[in-house]
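Each chain gets a letter, A, B, C and D, in the order it is written, and its residues are counted from 1.
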């Protein structure tokens, strides 16, 4: 019994290489996370445990794949920038999209209990992923500016909305009505005058999202002062991708920041992200 | 602060619809499962717990996606057939590939402890996924015949190999050498003459892989006699995808079989799989 | 001076294979033929010279490419069906689309003076081409039915429109107004009652379009009774594609028909078109 | 009789947009031009009439499509650079490839007798076309350097080869043998010592190929001194693409150059080619 007479079906698989010399952005989004956050009673407007779990899964991807040079997350989504010269999985689209989505998902479920020690995971969550290519550094800057702008808009709305509901006693319908037609300034004013909240003092994690960057560890400065916020890739983890990779990816420290990535400062401080 | 000046980056996302009127086969493969099975001490040549966990995750996909009409699994891979008229995620390739891979992975990790109650999951496993389109029923028959033929070839080799090692005291190098150039008949002979093993009496799960089919539950015959082998979609699970789906996908029973899918009998018994 | 340091740019070319086992329909459309027909004073509603020139160019494609098994043309468009097992240009999309469009265009210009002996070609016309894949014979039947239905609708409209203008003395604006909201029966009635035209007696070329089929020439019946309507591939023309092709494509006669291709009769008479 | 029941077949056509923000290179190659040049007795190693006909067809493309900012031709091939911001045919791949290939072919046949007044066109020639995308100016520079390097290598070989045959009395087999293993220096030496030919004095058209650039015509300097080498787009030609285009594409003069495009000089002189 030989497989040869059926093997022709393999030839139906079509190649799907991603264009060379272009930046890849891989973005993940939670699938039906509105329901997922309700079932697991995420705090509103932001649940720090849920956000930290997302960051943890994102870090795992960056540990595994040295060609990811930047990540940005907010709410139930995360974007990853791959170097434009990456040859990860020979730039095959389905392979990259499926593998990264799978590894992120796996980490999310695996590390759940670390961030939600008192909350049982009721059912397995899932994510969808996509890749978008960009030809130059300008579009990459604008892509991440787009996501951080979105973070700001959503968070200001949600913060005000939940203040009206939780502290102002409005129903959700009333709160939506209160906010209809308002601009940023109005929402800041509502927060301050009615609830004494100065929006700019809200934790930067909520206002700016999470930014993960990679820095080469100096041999003599390899000290972690903040275990929760930075992780060094251990030899063990690296071994996972084989010896060859270990040589190519020297240990790097992953830093989680909650800073502005729209203005030039960030990009000037981390010039390697866009450099080749 | 408006997102509008950056939103143009969205237009770089390219459409990736899969051709209409064609059968979709979605296949998952474990990523670096050689190492994963070593670390978690899977029994050789087959670990029933690992295979049942794969089946469990596959069933979860079929519960969630009514357009999957057949699944076939062996070792660390699983193939799923979607109806050729499916409009799942508007037939967008990256969306389908990433979502299905994510949900399978999530179930694998989520249900791990149910199948490996005494084995801690050491690190999060991952899978890759791909979609191949086929124009007609003939190629679908041949695709599944190809996978089941592969199951047979691999399992006969592995069964003989591990008998030589575990019972025959050969090193793995010696066992590979013993098997070099042998055909099926030779391996059957080695198993029988040296180890008293009649290959055809080995559990069909190992020889044939797992076949999952869906049958509409008759209103009055809705009785589960074998809890482990068949599951009825509960209202709770269905709700997950919303009311509309609940109406379209009446409760179906998922049956796990370990039967031949190369010859006509199976396809004659389940004519709906290839029908539209 | 070696080209090697620049040759890397070749690797940016992406593969574009068309799915195996599917029917290919290649369709050409005249680019800006409204203007082209005005400049060259095509007779209205149909110019037999222009239609015969299209047929001539279409025949040239079928002579050159033995895998084209059917063609259908109307007005300034032509559709070609390629066998689903064709390996023409390794099924590379851009190669097939560009080559077929080029050869058709070349023939159109080359043979212009044969069909328009008294009309100078004022400027070079052009066509665009596209390929659409279909999984089964049913869609192919329906594709050609769609085009022939379109031929009927357009020709009935145009015939009535130009009768109103040329014989009825209406301006084009008035003629459009007269026809607004009319159905087929109304147009037939206008033609008959006002102009004594029985639409069904109009030449079938205009009502049905042109259908080109291929039949293997019987060695002893190789006689052409109608030079204008059928052509046998000469050795000279065949040589063009090399000896190998000559062996694979025995001389076939190309027949131009103006028959119904919506009903079963045509397909029953030419069963090889959809067979593999 | 309505077309609606068949119109569903239109939905099988898949979108094929080319990534935004990238340079497009469209390249044409003659199909079986070895035979074509034999049948039409092109002079060896270069036929100036054939090359000028190619240039003429290339100019026609640039007149029609204002988004082509550079063209380079050699032998039976031509490459065209489209602005990276072009929205020609909504960047649909098959539409662009087929239309440009068709218009080039049409011009080639249409203008044949102007360049070959004494040679009848024996049969219609054809071309294939393809599009390759490049993300940045660097790859565009290297693409054109690759093509011009190729021109040099081929022309030096052919010039020496035909000198050995036409002047040296060698058979073609002998000439190939003579050149086997030679480098550029050797071929220059053969040309000079045996045939008194200084390769660098051969017409630049043959050594460098043809470069077509576009320059905006100054209102008061609109004088053509060299009819054969430069052409101004007439209002008539422009009208072809409609009024809107006429406004967007002010008259430009197309210059045919035979200069080096590998070094910086050319690109410094025509900075607009790579600018957006």
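In this section, a contact is a pair of C-beta atoms (placed from the backbone, for glycine too) under 8 Å apart; a residue touches a chain by one contact, two chains touch by 3 or more.
Source: prediction; values computed, not measured.
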Identity of the chain that, by mean CA position, is farthest from subunit D: B
Gap in Å, rounded to a whole number, between the CA centres of subunit B and subunit A: 30
Distance between the centres, which are taken as Cα means, of subunit C and subunit B, whole angstrom: 47
Where subunit C touches two or more other chains, by residue: 12, 14, 19, 21, 133-134, 139
Topology of the chain contact graph, where touching chains are joined (line, ring, star, complete, other): complete
Parts of subunit A lying in touch with subunit B, wherever the complex brings them together: 1-3, 6-10, 12-14, 31-32, 35, 60, 93-95, 97-99, 101-111, 121, 123-134, 139, 142-143, 145-146, 149-150, 152-153, 184, 240
Sites on subunit C touched by subunit A in the complex: 11-12, 14-15, 17, 19-21
Subunit B to subunit C touching residues, read off their complex: 19, 21-22, 84, 133-136, 139
